[in-house]
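First chain written, first letter: the chains are A, B, C and D, and each begins at residue 1.
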C-alpha cells in the first residue's frame, strides 16, 4: 500500500544519488514540485529519463543533479531550446552529461514494455534514421512469422518513477485524467514510485474505466497543490504559457538562471 | 467515416463466406444479435476468432457457419461445456472444424499487436506448456538485450471485426464502457468492422479518457437494442445468467438445439 | 461443539484460509472465486481480487457466474482492457497469488484443462487454457483447488496446459523472471504441497474425518504423505455461515436474473 | 484586388491548402499545427487532427503552445495514452498524413532535428527526434513545412533524424508496410515535390513575387525546377483574415495565461 509522506520525506527516502529517475508527464501534470525538491536536496549523479525533458529537467540539469539524460525530444515546447541542457552538452556546465536518445515511439514502447515486465519492445521504427548509430539500446530483429525486419529497444525500468496526478483517495488510490501520457506506464515500470497530487479526497469520483493507479502499485504519495505548475493539471489550473516563454530569457544566462534558482527553489521549502 | 446500416445490410455487405471473423466482447457486450444475423444469412466456411467462444459461437458452430475456430477458452462460463462445439470437435456434427488454440495472454497480445500494425507479439508465456506443440503460430525468440527466451505469437488481423457497444453518436463515434475487453483492439486490428449499438444518440456523454472509437476507425454501425442479450450492456441491462444455465440443456441435444435455433433465430428477423 | 459441513464446504473454507489481506490475487472462476470471496468476507477483508476480464480490486456482493459479470466491474476500483490486464498487471509482476481450478492435475502439479485423450481425436474436449498458462508463471506463487478423485488426480496429465513443475519436476529450474509455481493444492480431502526437492505433491494435512485410504483411493499415483501428517482445522460456525449466505445470495441473484 | 501578406502567411496558407476534410493528420507543433488548424477553420472543417500527446480528433480554438495544452484535450473526441497513440493509431495505420516541421532538410527530403555539427561535440544541439522518425514511415504520406534558407536547405543533413528517401534516395525501396514518405514540401518561397524516379526535391510552384534566383540563393544544393513551373495562388482575403484572427486569439490567450 502507498505511504502518505511529505514531499521532502518522499524524495529523501526514495531518491538516492546515482539512481535512475524517470519524472514523467507529457506536457500535462509535469512534477515540477518534486523536481524542485530534488534540486533542494542536492541529489547528484542521477540518470534522468523523460520523453520530453522540458523546463523541469533544464532546471535539474542546470542545478547539477544529472550525469546522464535519456530522452526523445528536449526542447521548450513552442518556444525553443533548453539552454541549460545545451550548456551542459555543448560546454559541460555545470558538468558534462551523457545522453542517450530515442524517438517518441520507441520510448513510449520502451516504457510500455517496462510496465509489461518485458526486457524489450518491438516496433516498426527507426527505418533509415541515424539514431541507431548513436544509441546502442536499439537493435533490429527479424519477425519469425513474416521475416519483416523490426526495431527492438531495451525496455525502460527506472529505479524511481515520479509523477504528478490530480488526486488520491485516503487509501492511496490515484486518479490521472486528461492527457495521461506515459504516467501509468512509468509507475508500473519502476522499482519505486512517488506520486504528488493536487489533493487527497474521500472519494476519487472516477468513471468505471478511469486511469487509476491502485494504492498497492504506488510507493509514496505526497500532497503538493499546484505541484505541476507552470505545467497544468486538468480541472485545477491552466498551463502558465507566459512562464514557458519567460524561461527562455532566464535560462540563456547562467547568472540569471542561478538567481532564479536561488529565489524560486532554494529559498522555498517543500510543502 | 462509419456508415449507418441495418444489421441485415451490414452483415450481408461486410461478411463473406470464407472470411476470418472475430466477434469479441469479453463476457460483456457480446454481439449476439450480429451472430444470429450471420446464422440467418447462412454464412459458411468462416474462420471464427474469439478469446472466449461461449454461447454465440456455440450457436454459430451448431448452425454450420464455421470451418475453423481460433480461441483461448471455450466454455459456458460457470456452467460447463459448449456442447455444440464439442459435438463438432468430437463427432464432426454438423461439420468437422479445425481448431487453433492459445492462452488468453497470448491472444490478448496477438490482438494488441494486430491493432498496433505489427506481425507478431512478444510475451513471457507458454513456459512448459504443451500448447506450442499443437499451435504453429507460437514460436520462441531470444531477447537481443538479455538473451531471455520469450514467446512470440503471430498477430491477429481478421477480415472483419464485430462488436457490440453501448452507443454511437450521429457522426458514428462509438462509446464502449465497463468491461471493455479486447473490443478496441479487434476493431483496429481488422480490415473491416461492424459495430452494433444499443442506441444512437446526439451526444456520447463520455469522459475525457473514455474508450471511444472514432467514426473513421469503424466501417459500419447498426442499431441493435438488446443486441448483446443474454450477455449484458453495462448501464442498459443485466446478464441473463438463467439463460446461460438453460443453454446447457438446449445445446446438449441436437434436436433441442435445432428447435431453439428455428424459433429464436430463423423465425426472428434482424431489427 | 460439532458442526455439520460438507466436503465441498470444507474445501472452500480451507482454500479461503490460504489467502491473506496483503495478497493481490488473480482469481479463476468457480472454486477459486468462491474461496477468494469467502476470504474477503471473513479474515482477509483487504485482499485485492483481480479477474482476467480487467476488473482491478473488485468486491462483488454475489459470486459472479462468469469472469466478467456486471457485479465485478461495478464494484471494482477500475476496469482495464484485457491486454492491459495480462500485460501490465499480471506479466508486470503485480500479482502475488494466482488462484486456479483445473480438470486434471498430476504429481508435479501440472494442470490440464484442454482435453482428455488424444489432441486430434479427443475423448472429452475441455475449455482450454484461458488465463492459466501465464498466471502459473507470472504470479509470484500459485494456489490450486479442485475435487479429489482418480479422474482428476492423475500420474501424468493427458495434455500439459499449464505448468506446475513440468513432466520431470524441473521445468522451472533456471528459467528467469517467473514465479515459484504451485505452493499449495487444496482438495475436498486434504492439503498437498510440492516436495521442496523433487516437487512431487505430498499430502500435509488431512481434512477432518478423512483417512489416508480415502486419499490413496482418490489419487492416480502412489501418493506420499508428510512425516508429520496433520489435520486441517474444521470450519468455524462463522465461516460456514458466511459461505452459506454467500452461496444462497448468489443462487437467488442468478436465478432471478432474466 | 491586391492583398498585403507576409511570406510566413503565404507559407501557412499554402500549407493549409494541402490538407482536405478527408484526411487524418498527425500534427507536429509550430508551423504544421498552424497550417492544420487554418485548414480546419477554412476549407477542411472535417479534417481529423491528432497530436502525439494522445488527443484524438481535436478542435482547439487557439493554437497550442505545446503538443499537450489543455485546449487539445478538452476539445478532443477522446484522449489516449502516449503508447496507445504511437502503437494503435500511428503504427496501426490510421494516419493518412504526417505533417512535420524540421530544422534542416536535404535534397532527398531527409530531416534533421538532432544537431548541427558532430554528434559527440555538437555545434548546436537541437531538440531531437520526437515523434517524427516513426510518423515519417507509419503515416501514409508526409507533408513538410519550413522556412527556406541556405541553413535549412542543405545538400546532406548533418544527422539523419527522420528519413525522407535516405542518403541515396532509395531508403524506402523494398521496405514493407511503410508509407510513401514526403510528397510535398511547403516553404515561404515555393512548393517542392520529390522527383518520381530519383526522389530529389524539385520546385513545382513559386509563391507570388518569388523568383528562381530567390530559391537558388536560399538552397544549399543545385536546386532543380519543374519544366512547367507554376505560381502558387495568393492567399484570399478570407484565408488571411482567419489566419490573423487565429494568431491574435492565440497570442492573447498565451500572454494572458498566468
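FYI, a residue touches a chain if its C-beta (ideal position, glycine included) is under 8 Å from a C-beta of that chain, and two chains touch if they have at least 3 such contacts.
Please read these numbers as outputs of a predicted model, since none were measured by experiment.
Q: Counting one step per pair of touching chains, how few steps separate chain C from chain D?
A: 2
Q: In terms of C-beta pairs in contact, which of A-D and A-C ranks higher?
A: A-D is joined by more C-beta pairs in contact.
Q: Distance from the CA centroid of chain A to that of chain D, rounded to the nearest Å?
A: Here the centre of chain D sits 28 Å away from the centre of chain A.
Q: Averaging over Cα atoms per chain, report the distance between chain B and chain D in Å.
A: Result: the chain centres lie 40 Å from each other.
Q: Residues of chain C that contact two or more other chains, please.
A: 73-74, 79-80, 87, 91, 138, 177
Q: In chain A, which residues are in touch with two or more of the other chains?
A: 117-118, 123-124, 148, 178, 180, 184-185, 208-211, 234, in rising order.
Q: For this assembly, give the contact graph shape among line, ring, star, complete and other.
A: If you draw each chain as a dot and join those that touch, the picture is no line, ring, star or complete graph.
Q: Report the complete set of touching chain pairs.
A: By the stated definition, chains touch in these pairs: A-B, A-C, A-D, B-C, B-D.
Q: Considering only the defined contacts, which chain B positions touch chain C in the complex?
A: The contact residues of chain B facing chain C are 26-28, 51-52, 54, 71-75, 77-79, 81-82, 85-86, 89-90, 101-106, 108-109, 111-112, 123-131, 134, 148, 178-182, 184-185, 211, 232, 234, 238-245.
Q: Quick check: in the complex, which residue numbers of chain A touch chain C?
A: Contacts found on chain A: 115-118, 173, 184-185, 188-189, 206, 208-212, 214, 216-217.
Q: Which chain C residues qualify as touching chain A in the complex?
A: 24, 48, 56-57, 73-74, 76-80, 87-88, 91-94, 138, 177
Q: Could you please specify the touching residues of chain D with respect to chain A in the complex?
A: 29-30, 52-55, 64-70, 72-74, 79-83, 85-87, 90-91, 110, 114, 119, 122-134, 137-138, 159-163, 166, 171-172, 175-178, 253-258
Q: Which residues, counting only chain A, touch chain B once they are in their complex?
A: 117-120, 122-124, 137, 139, 141, 143-146, 148, 150, 152, 154, 177-178, 180, 207-211, 234
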